[in-house]
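Next come two complexes built around chain A: one with chain B, the other with chain C.
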Partner chain A sequence: MNRKNLLAMSVLFLISLVLPWVIAVYPLGIVIEILIYGIFASSLNLLLGYSGLVSFGHAAFFGIGAYTASIFAQNVSANIFFTLPAAVIVSLLAALIIGFFCTRVSGFYFLMLTLAFAQMIYAIAHQWESLTGGSNGLSGIPVPQLWSGFSFEDQKLLYYLILIVFLLVIFGIRRFIASPVGQTLIGIRENEGRLKAIGYNIRNYKLLAFVIAGGLGGVAGALYSYFNGFVSPHEVYWTVSGHAIIMVIIGGAGTLIGPTLGAGFLIILQSVVSSYTDRWYSIVGLTFIAFVLFAPKGIMGLISLLKLPGKKEVTQNFNVEGEKA
Partner chain B sequence: MIENGTKNKKALHIEDLSKNFGGLNILDQLSMSVTPGERRAIIGPNGAGKTTLFNVISGELKACKGSISLFGEEVIDMPNHQRARRGLARSYQKNNLFLNLSVLDNLALVLQRKHNHEGNWFKHRSPKAFPLLYKEAESFLESWNLAKKSHVKVAELSYGEQREIEILLGVAADPKILLLDEPTAGMSVAETQHMLRFLENFPVDMTMLIIEHDMEIVFGLADRITVLYYGKVLAEGTPEEIRADSRVREVYLGSEVSEKYA
Partner chain C sequence: MNESLSILAMQVLNGLAYGMLLFLLAAGLSLIFGNMDILNLAHGSFYMLGAYIALSVAQYLDNFWLALILAPLLVGLISLVLELGLLRISYNRGHLTQVLLTFGLAYVFNDLVRWIWGAAIHTLTPPASISGSLEIMGQTFPRYRVFVVLLGFVIAFLLWFFQEKTRWGAIIRAGVSDKEMVGGLGINIHLVFTLIFALGGVLAGLSGVAAGPILGLYPGMDFETLIFALIVVVVGGLGSFTATFGGAIIIGLADTLGKVWFPEASLFLIFAIMAVVLLVKPQGLFGGRAA
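Coming up: the complex of A and B.
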């Protein structure tokens, strides 16, 4: 990381710290939503962007995380040290089971199978009324607590909680992707056949990526339930998976913060433009088409064009010379 | 068992191997053995089944019938990554690389597997964290004259350089058996000479099977030559024997080549 980047990061971090004190409640809610969907889209990015696996069922884990956190909060305890791990563990297990089947197939079949599993989870959310409240969903979820007597009543506090989780997730993904396993996932995206011939058991790596992505998707879902105080089967519907794909692609698949930018783009469009016109969804559609056709690397791709006018793109992931010097 | 005894001495032992696509026998009850450290050339006219043989040996295609053993171990039912882990590596007739990754990252994917770092998910893959891996990468890139290109995307290299990386990814794994499928395909005369020098300098204990149309390489490099014709072994022997074989001349070499190398 060079000095310029470090400076930009510090400024961004400071802004994010003072943000709740300078903006009103409604825009702060939008920022919180962007962070939550940023986590969600970033978790899908592990599959879609880094590993080249187009999952169309990522809403399953968002929903599982949201429902698990809510059910535990209602029935056991609203302590986040309890509800958050519970949501993560259940999402991880679900991802392990669903991934076990989905990673046996690839391409189009992978996409369809992930969609099918997610719709199964949707059906469960819809019909297991005694657990999930059916189509009414779960309302009156207790406010999350840090410990008894300290709850996140104030949205500012919730914002800081979600910001911390967001930063942990983003830096965790960054480190993971730079590791040998993460680099292997990129290898799968680039040339699965060659990687097998080198001696990698591809299916295990795909399953690992699927499980981690599912677990992080569950984190996003749990945070969403804290923020919203209400979950419904809508959170598991396939349109949520579709939105996540749009976020990743508009932001820049296979980049660290692209998915969060995509989430920001979509959510701002949704909340700002929808107050002027009912046709905001057509605008989302047209923007998506424009990005796919003219800027397939997304917002991050456009930014890198601004930064390096006329310069050749060079992958400089890691630096050998650094060691020599 | 006597048969097992001889099998164990072989780096590669193939028996009765058949592969057909929709009724067409590409490999037809093919049998052959290669001793450890041998340089074996596989030649034959187009469509003889040479590349299919490599794909079946490496496990990318499933054989219909027959047996393949590597150093005495039957591998016919193993998926290709397991065969690779038993010391089999290959290069491809058409470049089959990680085009959007740098030269160094291409090589690192091979080396992190070889150094058993492929399960490490928490350490940044950097020269600091994996000094041995990067030292080896550096020495490979230096001896292959690719050091200056180590951070360049493979897609941006010339065809000849990509071809070298294709071979490098095979040999860098330090395999016991290396399958090279037309390593000099599409190369200029100078590049071919350059490649021949590399091939000659590969470790002597590495068993090598090489499919090649360039007879200079075949006769310059091979200890023995196997001639395939319609999925069967037409002839096998030392370069001298193959040169003298009238059937081989008829189906493949032609009079011009046999005169030149006679």
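Coming up: the complex of A and C.
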């Protein structure tokens, strides 16, 4: 990291620290949402961007995380040292089971299966009324606590909690991608056949990526339940998976902060557009089509175009695994 | 005939009818996927458009039969335009780009249908000649389901004949195995793709119209049905209409009978079947090409 980047990061960090004290409650809520969906899109980016696995069912883990945190908060304890690990563990287990099946196939079959499994989780959220409250969802979720007597009643405190988790996740992903395992995943994305020939067990690596992404997706879901205080089957619906894909692609697949930029773009666009028109889905769809056609590397790709020529900026390509180059 | 047996016969008919609807939908999906390597995520939207266009046609012209013919053709036209206008210009970008484009389209169609027809639940009313019930061997069956099963068999036979016995069918089969070779033999593969995409649209539209009186019309029907079509493709396998037909019958029967026998867990039955097929025969029960 060079000096200029360090300076920019410090400034950003300071801004994020004082933010709750300078902006009103409503925009702070939007910032919190961007951070939560930033985590969620970044976790999907581990699959879609870095490993070349196009998952269309990531909402499954968002929902599992949100429901697990809520159910534990209602029935056992609202302590986040309890609800957050519970959400992560259940999401990891679910990702292990779903991933076991999905990583047996490649290409668009993987896409179909992830979509189908997520829809199954959606059906469970809908039908298992005694556990999930059915289509009414779970409401009246207790406010998360750090210890008894210290709860995140104040949205400013919740913001700091979510900011800390967000930073941990982003730096964690950075470390992970730089590690030999992360580099192997990128290798699988670039040329699966070659890595197989060298002797890597492709399936295990894919499963590992799937499980980690699922666990982080669960973290995002748990944070969402803290913020929202209410979960419903809507959190597991295909549109949530779809939005995450759109965020990753619009922000820039295979880049560290692209997915968060994509989340910011989509959430801010939604809050602006929805005050003018109900045609939000058409606008998302058309914006997405425009990005896919004209800026396939997303916002990060556009930013790298602005940089000085000669300075080579790496924005990684994404490609469906198993596809002939 | 005793009562439990007659209930079973009725449910088997329902299952077959549902299987036929899934077949019409999944046939186009697997045809497009097998030939063009595009997983058309807007395929559920075509199904939904077929149903809603038929609703309008049936309302204005007061004729179900015309709706059954016109709506699929209109959906075919829409998919033709989309293939030429959107997918064709992105051929050199790789298949993921095209799949993402169809996904963007699914969002737009989902919203357009809500915009034009509203969010209320509708249903299509079949004409008197195919509504009511029919008596076969002392057992009454709903006429419309019998009609859907017959329609499914006829279309399945026509598609089989088209694929196995005609020149165009031979080109399509060749396209599944080796596209470049087909192009090398002087066949305009892009024209083939366009026609296949349009045919897929027609079939999805037909499925939507035929499903209208049974499953109804509601926002969200697009993705709900797409998931089932995907499962049919996974279970049946790629490569031929016969494979899709087999997969569709299995899923249609399993879902319908599952709902009768274990209403709480019917969806799990479908997923269990899919999981077992993936573990035992990943290329699908009747498919030739590996997943």
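Throughout what follows, the second predicted complex is superposed on the first by the 308 of 325 C-alpha atoms of A that agree within 3 Å, B and C clash if a C-alpha of one lies under 4 Å from a C-alpha of the other, contacts with A are read in each partner's own complex, and residues count from 1 in each chain.
The rule is short, and it goes like this: a residue touches a chain if its C-beta (ideal position, glycine included) is under 8 Å from a C-beta of that chain, and two chains touch if they have at least 3 such contacts.
Quantities reported herein were computed from a predicted structural model and do not represent experimental measurements.
**Student:** Which holds for A:106: it touches chain B only (first), chain C only (second), both, or neither?
**Tutor:** After superposing on A, A:106 lies in contact with chain C but is clear of chain B.
**Student:** For A:196 in the superposed arrangement: first (chain B), second (chain C), both or neither?
**Tutor:** In the superposition, A:196 contacts chain B only.
**Student:** Looking at A:187, would you say it contacts chain B, chain C, both, or neither? Reply first, second, both or neither.
**Tutor:** In the superposition, A:187 touches chain B alone.
**Student:** Applying the document's definition of touch, where does A:171 land relative to chain B and chain C: first, second, both, or neither?
**Tutor:** A:171 sits against neither chain B nor chain C.
**Student:** Looking at A:81 after the superposition, I want to know if it touches chain B, chain C, both of them or none. Which is it: first, second, both, neither?
**Tutor:** The answer is neither, since A:81 touches no partner chain.
**Student:** Looking at the overlay, does A:13 come into contact with chain B only (first), chain C only (second), both, or neither?
**Tutor:** It touches nothing on chain B or chain C.
**Student:** Output check: A:179 vs chain B and chain C. Expected answer is one of first, second, both, neither. What do you get?
**Tutor:** Once the two structures are laid over each other on A, A:179 reaches chain B alone.
**Student:** Classify the contacts of A:150 with the two partner chains as first (chain B alone), second (chain C alone), both, or neither.
**Tutor:** neither
**Student:** What is the shared patch of chain A, the residues that chain B and chain C both contact?
**Tutor:** 318-320, 323
**Student:** Please output the residues of chain C touching chain A within their complex, sorted ascending.
**Tutor:** 33, 37, 39, 41, 86, 89-90, 93-97, 99-101, 103-108, 110-112, 114-115, 223-224, 227, 230-231, 233-234, 264, 267-268, 271, 274-275, 278-279, 282, 291
**Student:** Where on chain A is chain C touching in the complex?
**Tutor:** 54, 56, 101, 104-109, 111-113, 115-117, 119-120, 123, 127, 238, 242, 245, 249, 279-282, 284-286, 288-289, 292-293, 296, 318-320, 323
**Student:** Flag every residue of chain B that touches chain A in the complex, lowest number first.
**Tutor:** Touching chain A from chain B are residues 58, 60, 79-82, 84-85, 89-90, 92, 96-102, 104-105, 108-110, 112-113, 117-128, 130-131, 134, 137-138, 150-153, 156, 169, 173.
**Student:** What part of chain A is in contact with chain B in the complex they form?
**Tutor:** Result: residues 175-176, 178-184, 186-187, 190-191, 193-202, 208, 312-320, 322-323 of chain A touch chain B.
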